[in-house]
Every structure is written in structure tokens, then in C-alpha cells.
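The same subunit A turns up in both complexes below, where it pairs with subunit B and then with subunit C.
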Partner chain A sequence: MTAVETRTPAPDAPAEPSGLRRGLPRIIAVVVLVVLAAAPLFLAPFATTTLTRIVVFALFAVSLDLLVGVTGLPSLGHAAYFGAGAYAAGWVSINVTAEAPVPLLVGAATGAVAAALTGWITVRTGGVFFLMLTLAIGETVQQLANTWEDATGGANGLTGVPSVRIGGEPLVNAGLLYWYVLAVGVLGFVLVWLVARSPWGAALRGIRDNEPRMRAVGYPTAVYKYAVFVLAGSVAGVAGSLLAAQQRLVTPADLSFLTSSFALLAVVIGGAGSLWGACLGAAVVVLVRETLGASLDGHGPLVLGLVFVLVVYLLPRGAAGLRRPRREPGRSP
Partner chain B sequence: MLVSVLNGFAIGFLLFILAVGLSLVFGMMDVLNLAHGALFLGGAYLGAAFAGSWGGFLAALAVAAVAGLALGGLLSLMTEPLRNRSHLDQALLTLGVAFVAAEGLIIVFGDDPLSVPAPPGLDGSVTVLGATYPTYRLVLIGVGAVLALVVHVVVERTRIGALVRATVADREMVAALGVDNRLVKVVVFGVGSLLATTAGVLGGPIYGARPGLDATVLILALVVVVIGGLGSVRGALLGALIIGQVDTLGRLLLPELASFVLFAALALVLVLRPQGILGGVGARAR
Partner chain C sequence: MTFLEVRGLVSGYDRGRVLHGIDLDLAAGGALGLLGRNGVGKSTLVMTLAGLVPVSEGTVRLDGEDLAGRRPDRIARAGVALVPQGRRVWAPLTVAEHLALASGRRRGTWTVDGVLDLLPRLAERRRHPAGRLSGGEQQMLAIARALLTNPRLVLLDEPSDGLAPAVVDQVAEVITTMRAEGVAVLLVEQDLHLAFAVADEIAVMDKGVLVHRVPTDDFRRDRATAQRLLGVA
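Our next item is the complex of A and B:
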């Protein structure tokens, strides 16, 4: 079985795993990491905070890319798991402890549990039904966050989240917080990247390109999709716990449809399926939202809506992994 | 209890008017129009802008109808270059349009919620079997039922309707018979959007007009078409009436968990009958 798995290349697996083995991309990756790690030393605190936001959002976008780009499951409600992780991490920080790994683990577990509870129904569907269902789930979870005031603070959000502590020392300094977020973000990215280049990842790309054939070859495609859905939810939950640590506040807007669509936009701008692209896309989205949103009097979605329209027309290859028409199992339901 | 059932019918018929356009556009043309909620919101704001008199209400309806028809046609043309691309691309395009439209409405009308009074004479309440009930909602049930009947007759009993149903079932075959698909698409998209903006005006006195309403009604409409079956008029009606009842009953009995009741209904239908209650061969999941 393993021999078959490793020898089953997806018909057009993106080049990133093999490409990375050839020197240059590896050097670029190291340089980018060094620059990112050194950034707080030469950036102003405000810029460091923006960079922290970018890293948080990039990890969230990467978890979505695992679904959208690698597996071909276009989710419009992924912020539900991001927000669930953020609320859980925030709640634990307030009521139990803010000591470093605890909020992270709680965020990851909550994201995974939320994805496990909802995933069993979403992965039964595909294509446009998946879009609709994830959208409906996202909206449902947001309404829960709005109404369950005892745990979430309702529309005002969960306020007064304490700083993350490492060894009893709170990370109040923007640079220290950034390093914490960056370390977790890089770990999360590496995890997703390893999954995407593993035999499991190859099988997921096979499911994206031709699910009936993968099923015919003997892959339990539903189990694979369910597992990746839970994993993506868990990584999104980790990103959510970073969000809670960075913002010190969690609001229903963090798990809204708007947040989901911004993440999807980041994935599409970067080119679905290439995890690096999702990070770049996340940087673009956060920068547009922070710089233009303020000058447009809070009408950032206006610009992002226009960007959506332009990307769809002008960058069709951005969504290369999804354009492949997927064959239908058959006419009869 | 009676009030809740009546509310369910009022919201159900409103949802039907909204959802039938979404369902037909998807069933026929494979385009998931996520700007449908924004069209509804546009109608609601129009209703708010003209509210206060019968003349204003009717003018809002007329303007909404014309604007809906035009915007639907425009959306249809915008999605045309994407006809061979994935659902995600089309969804992203209409999502982008929805953002732009919703923000545009906020810029014009401000982001405070607006309440929309019912037209004079309908803003009171009447006694139904011993319970007082807002007159406007009763009238809405009647108007909704008539509209549902009209849509049903047009789609099921006329030549144009036959063409629409044929396109839902097999687009390529209809094209092979010499019918210009693009024209059918523009018309169906236009009429579907007209119904959405009209529903917005009609729903104004119930929902008001506020930012975020577009997403709320879009979700409800999506749930309706998934439950009823994509591309089916009767499915949309059945789904809308079920969701109307489930939603109002849920809000009455379990106000904190109302949205979960909705999701539970959706999950139940998808587990038992993935193609929707009345979804046929032509409306299967793609």
C-alpha cells in the first residue's frame, strides 16, 4: 500500500516540493526567514505589529490553502475554525492560564473539534454544495458567537485577554510577541508543507484532480478529505490563538464571512495550492486592509471587492489548481 | 403559536421569492450568484428611501424591479467569460460584486440600521382567530402566494418555462436545438435578480434595512435551495416554507440556538437526501 501511495504522483503536482530541493528556493527561504526574524530589530513597533498580523493571517491562509488549493475543497466558512480557536484561546487565557503552550493547544484542539463536528457533513458534498455548506456553517458559528454572551461577550467580543506568558514572563513587548507569533507560524507552515508533500498530500491532490478515479484505485477518499478538513481546522485554530494573543481581543467579526473571504482572496491571489503564495497573498490583503482601509473611512471591503473581481478576470492562473473540471461520478444520484 | 406559524408563512413566501431566482440561475447556468443577498439589500434600502406612502412603496417596487432586471443582466454578462471556469471563480466574482455593492449601499445610506414602515393602512394589526397579527405580514403571505403561483405557472405551463426547464435539464442539447443559451441566461438572471430586489422591498417592513442583512438573507436563500433541490421551483417553494417555519419556531423555542436549528435541518436533509427534497436528475450536485 505504501509503495503504491508513494508512486502515485498527482497528474500535475505543483512543483514546490521538487523545486525546493534545488538550491535557489532553499536559499531564498532561509533569507526570508532571517529577514523575518530580524525584522523587529530595525522596524518601528507599529510596523512590527502589522508584520505580526500578517504572520497570523498567513498561517490562517495556509491552512485554508491546504483545503482549497491542495484538496480542491473551496471553503467559504474557514474563519469559523479560526475564530473558534481565537475565542477558546482567549477564554483560557482569561479564566485559566495564559502560559505559552496552553492557549495554543486549546486553540488547536477547539479548531479540530469544531472541524470534526461540522466536517462529517461537509465532506460528503463537493463543488458548489461545499461552498454553500461551509458558508452556512460559518454564519451559524458567527451567530453563536454573537448570542452566547456568557462565553464570548456577545457583540462586544471577548475583551481583556491577557498577554501570553512564557515561563511566567508576559510578552508585552511588540518585538517579543512577534517572535512568539513567528515561531508558531513557521512551525505551523512547516507542518502543512510536510503534509502537502507527503504521500497523503499526493493523494489529496489526486482527489482534487479526479476523485472518482482515486476512489476506483482504492483510496478511501471520504476519510482523506475528512482528515484534511480536521487538520486544516486545527491549524486555523492555532492561527486563531495567535490572533487572540496579538489583538488581546476577539470579536464576532474575526469569524465572520468577511474574514473567510479575505483568507480565500489571499489564497487566490497567491495561486491556490502553493503554500508560499498564500503567505504572500495574506501580506497583500493585510497591507491593503490596513493602509487603504483607514484612508477610505473603513470601506476596505470596497477595495477588496474590486480586487476580487480583478483577480478573477486577470489572474485565472492564480486559481490553477481548481480550474480542472472534475468528472462526475455518474448521472444517477 | 398561531402567530409563529403565520410568521413562518410570511417569511417562507418572502424566502421563496428570493430563492427561486438563485435556484434557477444555478440550476440553469451553473452560476452560484453570491451577490443575490446584496440585491435583496438594495431593494430593502430602496424601500426605506421611498417609504411612508403608497405612492412611495409602489415607486420603490417599480424602481427595484427595473434596477434588478438591469443588474441581473449585467451580472449575467460579467459571468459570461467565466462559463468554462470553476464554480469557485464564479463565486469569487459574484462575491467581489457583493462586497462592492454592499459597501456602496453603506456609503449612500450610512451604516445605521433603517426601519421601514409598512405602507399606510397596512401598518396596523388585525385579529386572526383571537390573536392580533400585523396586517402587512398577512398581506405579504397573500402577495407571496400569488407570486409563487405566477412563477410556478410561468415555469411549468408556458413555452418560455419549458425552455427554462429544458435548459436546466440539458443545456448543451437546448443549444444544439438552435436556442441561444446566452439570451436565456441573461433573461433568467435578470428575472431572478428582479425577484430578489422585489423581495427586498417587500421584506423591508419585516427585516428593515441594515448592513449585514445581505449575508443573513443569502444564507437563508442558500439553505432553501439546498434543502429544496437546485433548479426546481417547487423545491424552492417547499424549502422556503419549511425554512420559514423552522426559523421562526426555532427563534421562539430556542432563541439562543436558532441558527443551529437551521443548520440541523440542513444537515438532516443532506444526510437523508443529498440532492435536496425535490432535486431531480438535472439538479444534482456538480
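Our next item is the complex of A and C:
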């Protein structure tokens, strides 16, 4: 074969990242993990509970980021799968067993089945239709939770969810519960991260950037989008089961449009597609809504709205955009 | 022997038909240069052949198999690759990711290593996002992506667009190499030099139909016809 040299110099070609720069994210990840794991040892129980809620919401936001940021499917109804997982895990904890990992697996399966039932149609649409369809599904599932009182407790919610048990021992202590939530949350994050980094994840990012081109290379993109929709539903269901374990209560508000939009907000604040950014965004959302919101007479959502506007103006690529300031790559329409 | 056989192909968009009955034959391993003024439907033809524009009427047979109306991913796996106008690389994905994605679908002669031997510049850029490559490098990447699907037919839509003359020469070399491997080529071009360099035959399109087809050497000599059909000397 003939060797063909392209002689045109590329503009602003960066040097290969050095060993230190490539190793730094790993060091930061380890430090963050250690701090998170040690947190209950020096935090008050109330703060530990808030941190637990952050981890739950972060896993939910990461599952949404897999759709929005990695694949380019902006769902407005992702809380449907989060809430479905929470209800199923709560129900099984009350009526069957609260022994881990049963509620987790039930939450994952319920999220996956709900996404499988609704996803086949939604992933075949795009743009505004996808937004409207996911919104409609979210509202429908919420109505179902409101009216199906035998299973969900209706508007009062599913009350009296027992503590998760490990080896017969209930996790009543806030710190123990936190460690359980953190372990599951980290596992879920690593799973999504591995998927996003795999060749399969590259195909998803290709779909996000230019779907017709992926099809022209031979990829049945609808199948890929369906699979990631089901996976994201399943991870959201796991996050839901953690919510049930933490709140010991599941209400229709947990699968409302507001919950979906808070997760979307977390993804946008963090920078869509980075996954770790969604975790930071989740922390901001939970802290503003619960800590700051209480001292503002329940105006937390208002503050979040301001945060959202500021982020869109100042950090269009979210917190993840701070990491590597870089010029816009050439668009490929 | 006819490898690609297009009969009465009609297609277009919501606003109206663009192709009004295309008949086109291409021998196995042959190369046809498709010329024509802007807006006569050259790009629509290659997009339709790739399955990206729906077929209204007609047949597209590749080695006897009818591909008309198939999904684009099925057509790609049947061995048709498109190097689209404007290159259309996935800007956020690295060169290595492009090559891995493209080589995952259809096994054959072309491997990632083989393509990188042919295009060493891409090897140097493996870890870079495609959006940060130069125009010439992006074009080479778009061609590499097509080759790695191990096609029997490659459709190239104005690969010279926006490239420096030296880079166009390299594109010509790569097309010649893929022809040597037995790949059939349908090349849509405005750049006559590139079309003359790689094609055995030249066809001219006008208003959605093929109006002229001759061997390349005859077309080069017949300046009057070229002037009449293309408005160029």
C-alpha cells in the first residue's frame, strides 16, 4: 500500500497529555472516595442524612446523564423510572423482605421493565417529540401512582417502609445506611462510567453527535438507543430503591416532573456527558433545595432557577467545562 | 458484468422529487466520476444509494441483491460505504474511536493497522478528537471510516471540497489504492482533475437524470460537450 502523508499542519494541536495530567483524575477520584467514605465519622447525623440524599440523587442524575449527555436523548420524564424503582423496592420491603440486595434488584428490574415498555416508542422519535413523549410518560406514571392506592398508598404515599437489612441486621444508624447507599451509588456510577468509556459508549456518543452517520457505518441506532434507555431506567430504579431505603417513604412527588427537572438541572449544572459533573450538580441541587430552601420559606426552586440561569450564562458546558478550557471543536452537522 | 445496477430510481424530499428516474450501471471494481452543476441531484443520488434519503420508485441492485428501501445500517452491512460531503466526522470522538467504531461492523481485508499504514498521519493523531483535526485530516478520517467497513462499493461525495491541491492529490492516491483492492467507486466531484485522475468513466447529471456517459479519455478530449453540460472549459 502507498503511504500517504497529510502535510497540512493541524491548528492548535495539543501535546499528548503527560503522565501526571493523566494520573491526576485518578488521584482526585481516590481522595474524593476516601473523604466520602470517612464522612460519617466526623459529620453530625443530620449532615450524614443530607449527604445520603445527595448520593441517592447523584446516582439518579448519572443515569439521566447517560441518556442526555452521552447519547443525546433529553428526557423530561426520567423520574418515572426512579419513582417506579422506589415504589417497587418500598413495596417489596414492606410485603416480602427488606433484606439487601432484594429491594435493590427489584428496583433495578422495575426501572428496566418500565423503561423497556415505554422506550421502544420514545427512542424512535427525536427532538421535541422525544421531550413531549417522555414528559407525557412521566405524568402518566405519576397519575398511576396517585390512583393505584392498593399498591402505592395513593396521594399519601407508600408509608412505613422498613429499614434495609443486611444479614438480618436493620440499618437504622444514619452512618450505616449512608455506607450502604454510598457503596451502591459508587458501584452504579462505575457501571455507567465503564459503559460510557466502552466501544458501546463510543457508539452512543457517535449517535449523539451524528446519528445518520452512525447508521451509514452500519449501526442499527434505534437498538442502541433502546438498550441505553433500558439501562438508564434500570440504574434510575436502583437509585429509587436507595431513595426508598433512605426516606422510608415514597410519594407521587418522587416521580413528578419537578423531580425529573431537578435531575436535568443537576446534569446541566455539572456539564452534560461528564458523569462526575452530574454528581456535583446533584449536590448543588440537593443542598439548595433542602438546606438553603428551608431558610428561604420554601423558595428553594427559585434559587435553583437562578443557579440554572447563571450556569447557562457563565458556564455553558457546566462544571465539567472548567476542567479543560478548550476551544470549540469544529461542529459536524 | 454489472455489479451495481440502478433502474428507474426516483427519490427526493418532502418539498419535491430530486431524482427523476436514474439508470446507472457500475462494473465490479469500476470507478465512475459523476459530474454536474450544483443542485442537479448528485448528492441526493449518493444519499439515496446509502439509504439516507428514502426511495420512491426503482431498484438498486448490488451484486443481484435489491437494496432499495433498506435501512441505512443494512445497506452499510451489505457493503456500501459513504464518504459524505463535508466529511461529517464525529467531532467529540477521537480518531482511535472512529476507527474502532467503523471496523466493528463488517470484517474483511481492511484492518485498523492496514488503514493506518496507508494514512500514517491518522496514526499520529489517534488520541485527538476529530473536531480538532485539519480539513485534510478529517477527510482522510472520513475515508478511513468508510474503508474499515470493508465495502464493496464506496460512494464519495465531493471529497476535494475545501482542500488544498496537495491534499487533493493524496485523496486521489488513496482512492487509487482502494481501487487496486477491488473496491468499486462512485465519485461525485466538482474538481475535474480529481475525477479524471481516478475514474474510468465520466457521467454527467442534469435535473435529476443521467444525461451523458463516456470513457474518461473521451470526455477530456470533447471540450465542447463539457462546456455545454457543465459550463466549464
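What we mean here is this: the second predicted complex is superposed on the first by the 297 of 333 C-alpha atoms of A that agree within 3 Å, B and C clash if a C-alpha of one lies under 4 Å from a C-alpha of the other, contacts with A are read in each partner's own complex, and residues count from 1 in each chain.
We adopt the following convention: a residue touches a chain if its C-beta (ideal position, glycine included) is under 8 Å from a C-beta of that chain, and two chains touch if they have at least 3 such contacts.
On a predicted model such as this, the values are computed, not experimentally measured, just so you know.
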First, second, both or neither for A:A202, with subunit B first and subunit C second: second
First (subunit B), second (subunit C), both or neither touched by A:N210: second
Touching partner for A:E139 - first (subunit B), second (subunit C), both, neither: first
Touching partner for A:F308 - first (subunit B), second (subunit C), both, neither: first
When both partners are placed on the shared chain, which of subunit B and subunit C touches more of subunit A: B
Partner chain(s) touched by A:I121 [first = subunit B, second = subunit C, both, neither]: first
Partner chain in contact with A:L131 - subunit B first, subunit C second, else both or neither: first
First (subunit B), second (subunit C), both or neither touched by A:P220: second
Set of subunit A residues, in rising order, touched by both subunit B and subunit C: 331-333
Sites on subunit B touched by subunit A in the complex: 26, 30, 32, 81-82, 85-89, 91-93, 95-104, 106-107, 215-216, 218-219, 222-223, 225-226, 255-256, 258-260, 262-263, 266-267, 270-271, 274-275, 279, 281, 284-286
For the subunit A and subunit B complex, residues of the former touching the latter: 68, 74, 76, 121, 124-129, 131-133, 135-137, 139-140, 143-144, 147-148, 257, 261, 264-265, 268, 299, 301-302, 304-309, 311-313, 316, 319, 322-323, 325, 328, 331-333
Sites on subunit C touched by subunit A in the complex: 50-52, 71-73, 76-77, 81-82, 84, 86-93, 97, 100-102, 104-106, 114, 117-121, 125, 127-138, 140, 145, 149, 164, 166-167, 170, 173-174, 176-177
Subunit C partner contacts - residues on subunit A that touch it in the complex: 1-14, 16, 199, 202-203, 205-206, 209-210, 212-221, 329-333
